[in-house]
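Note that the chains are named A, B, C and D in the order they appear, and that numbering of residues resets to 1 at the start of each chain.
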Amino acid sequence: MSGDYGRAFAALRAQAGEAWRDYTRHAFVEGLGDGSLPREAFLHYLRQDYVFLVHFSRAWALAVVKSETHAEMLAAVGTVNALVAEEMQLHVEICAQAGIPADALFATTERPENLAYTRFVLEAGYSGDLLDLLAALAPCVMGYGEIGARLQAEASSECYADWIGTYAGEDYQSSCSAVGELLDSALVRRLGPEFETSPRWERLCRTFRTATELEVQFWQMGLTP
Amino acid sequence: MSGDYGRAFAALRAQAGEAWRDYTRHAFVEGLGDGSLPREAFLHYLRQDYVFLVHFSRAWALAVVKSETHAEMLAAVGTVNALVAEEMQLHVEICAQAGIPADALFATTERPENLAYTRFVLEAGYSGDLLDLLAALAPCVMGYGEIGARLQAEASSECYADWIGTYAGEDYQSSCSAVGELLDSALVRRLGPEFETSPRWERLCRTFRTATELEVQFWQMGLTP
Amino acid sequence: MSGDYGRAFAALRAQAGEAWRDYTRHAFVEGLGDGSLPREAFLHYLRQDYVFLVHFSRAWALAVVKSETHAEMLAAVGTVNALVAEEMQLHVEICAQAGIPADALFATTERPENLAYTRFVLEAGYSGDLLDLLAALAPCVMGYGEIGARLQAEASSECYADWIGTYAGEDYQSSCSAVGELLDSALVRRLGPEFETSPRWERLCRTFRTATELEVQFWQMGLTP
Amino acid sequence: MSGDYGRAFAALRAQAGEAWRDYTRHAFVEGLGDGSLPREAFLHYLRQDYVFLVHFSRAWALAVVKSETHAEMLAAVGTVNALVAEEMQLHVEICAQAGIPADALFATTERPENLAYTRFVLEAGYSGDLLDLLAALAPCVMGYGEIGARLQAEASSECYADWIGTYAGEDYQSSCSAVGELLDSALVRRLGPEFETSPRWERLCRTFRTATELEVQFWQMGLTP
């Protein structure tokens, strides 16, 4: 069900095993697919996700700072731009349509599960190099791509079709592929073509797994407005 | 009940209100005082606290990096040294006496509440200046000082007298005073003698409050091995 | 001769005094205006400036990371995008026209004066907050705007009309105004409406002045291929 | 003539070739050995070196932040402590004896060659991981060790015997060995036992070489008070 998001992602995803399944098949996700997710929970999630996007955009900007080549910079800048200029704006509009004015959205109090996740990602990036940062960013980017694509094919309700459509859509799916390519090439550049044999690989796996577990907590938070 | 940890700390503590009380009078703390805290919970806490200290020491080292004067550097270096060379070593010894060998201690799996707290502190420091970092570090340093001093006076059990004695002791109390002085002088240097009137003060208050809430979560985690 | 780049810039520029004049009226600059600058020196400068732009873009991406509001993020993202997607590309094209293929451009050896400047800016940003970073970024952004506008009015030769036109042009001038607004609003947000009375102001002035002096060195380097 | 500062240092030093020789056999160094270095140049150097040590200590504190193991933290903390509590104090005393009061020392204006070097090291550390930082720190630490040891054996004058004795002394030499061990073990931990075959090795070599070139500039600055 996973799109082709590259070689490193496939390996990272495989080693995250159960945590990856808990994340991509969480009750919140299933509720998006069959329409059983209460509207209140969805709107609560959207508001928290806006706060999340603020820090996630900052983390992608950090990926520009930590880039070593023009190609890496371009890939990271493209993502920052899409997040700040488009995805955050999309949230503002969806919330407005749902009766949450921008002011209320901007004033959302950050939940601890949200804070834990974004600070983990940013700190991984500040303390490490681009690889550490990308390993922490990948679960969100690609997980949403995978969830969107699966729900598009399987959803039994139209309730959350817009949300599903966004992440299943060509734009988002090609972002995932671009991030997959960035990850693969950044790994080869720094650790060589056999990057899975580098001692650093294990730590990158751990970072990816922890970020995946923090995604599980994020969905869980979504269920408890 | 609070020691004299300086002017800024008193103001930050006052505005944290209920969160500060929830932290310093948490059931875990009361259990240390009356001896009702299960040994298992205490040892679980100690192990997590060791992992905490690793990242907390890194955060204090970041305070050296973010210092602007020799006095700031000296104060921060002193704290790093005390944490890495002494407090972490103390944990190793206490755990060894309790039957937890160093290997097991080092292999402790970090709990999400632990991760949330330390990454929040480190990120505040990386993204901001020394003031943002100190506002995030202060609740732990001074809260433990306050808890230690109060329990020393009030404790009805000898069970955790060693732990209480460490934080009530002269060494730890004078570290708290030194950090209080560092905080006051760093604020005056950057924001002027009326630092509470600076627009930045509100953000520093929020950082202090969030760190305090993360301390509450940490104690809560301590109760659930 | 200076455009209206805001209140803080005017104050920072005034206090930089002689250094600002040395920078904006450097022999290299005058040579661009009267056409006396040897072509070889110009091409050498262009190649170094490309390397400069790589790190300057990274520094602007760091400004996104250090932003505290959506407006700050948007302003910084816009600049990163303009630098990475446009200005760097422009350099590639100009160099290609001048007979320097992209490969040779990318392989340019960084001169010490170049390295000193960009690492100073990045370190100011990493160690401080958004204000420290903007104070280090401003001399380049606004100085080029001022130089472009003046040479457009005064140039006695068409030799470097393209270069002059870029920085005198509406696009670049409005970027300068946008950065001026970002600087003003970031200062008011953090230090209050009377930001020049904050103790931090002096340090920000020093950072601006040092960056200006590093610009002088950069032009000087330009004269010695 | 080089002490045994480990395997990685030996390899890095070898590839730095001429730059390493220019650094460790600079006219300033030879002048320390034969006593021909003017006292004025030496005192000028000492003052700049004090400013250097401030930032160099901050960079070593960053190494604590970027550590991944307790052993790495301990090694880095030890160095920070030695620098901040001892070496900086030593400079204050030597300068005082030479008639430069502490106030004047603290007020030293940083020379561009000094700024370039320290900001390069700090930025390498912030943007990269511990390896990038150590590669930038090593030339100063080990170069002084090598210079001290050689001059101790070869010096034809007693003029600068104190300075030479400090760096030739057992304390300093064993710091160099400790940093060499830290470098070797950090490399093996992250890149494996054959770390020279990792794609990252080339970048680390470049960082080491650039830092070495910045040392040459620093001596050159020393000759021009």
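FYI, contacts are C-beta pairs under 8 Å (C-beta built on N, C-alpha and C of every residue); 3 or more make two chains touch, one makes a residue touch a chain.
Fair warning: this is a prediction, and the values are worked out from it, not measured in the lab.
K.L.:
Suppose you list every residue number at the chain A-chain D interface; are over half of them used by both chains (same) or under half (different)?
P.N.:
same
K.L.:
Tell me which has more C-beta contacts between its two chains, C-D or B-D.
P.N.:
Looking at C-D and B-D side by side, B-D shows more C-beta contacts.
K.L.:
For the two copies chain A and chain B, what is the rotation angle that overlays their Cα atoms, in steps of 5 degrees?
P.N.:
Going from chain A to chain B via C-alpha fit gives 180 degrees.
K.L.:
Taking mean CA positions as centres, which chain lies farthest from chain C?
P.N.:
Result for the farthest chain: B.
K.L.:
Between chain C and chain D, tell me the centre distance in angstrom, where each centre is the average of that chain's C-alpha atoms.
P.N.:
From the centre of chain C to the centre of chain D is 32 Å.
K.L.:
Suppose each chain is reduced to the average of its Cα coordinates; what separation in Å results between chain A and chain D?
P.N.:
Chain centres of chain A and chain D, defined by C-alpha means, are spaced 42 Å apart.
K.L.:
Which whole number of Å gives the spacing of the CA centres of chain B and chain D?
P.N.:
34
K.L.:
Note the residues in chain B that touch 2 or more other chains, in rising order.
P.N.:
Counting only residues that touch two or more other chains, chain B contributes 58, 65, 122, 126-127.
K.L.:
What topology does the chain contact graph adopt: line, ring, star, complete, or other?
P.N.:
complete
K.L.:
Looking at the complex, which residues from chain C come into contact with chain D?
P.N.:
Counting only chain C, the residues touching chain D are 58, 112, 115-116, 119-120, 122-123, 126-127, 210, 213-214, 217.
K.L.:
Using the touch definition up top, name the residues of chain D that touch chain A in the complex.
P.N.:
Within the complex, chain D touches chain A at residues 65-66, 68, 126-129, 132, 188-192, 197-200, 203.
K.L.:
Once bound in the complex, which stretches of chain C touch chain A?
P.N.:
Residue positions touching the partner: 54, 57-59, 61-62, 64-65, 67, 70, 73-74, 76-77, 80-81, 84-85, 88, 106, 122.
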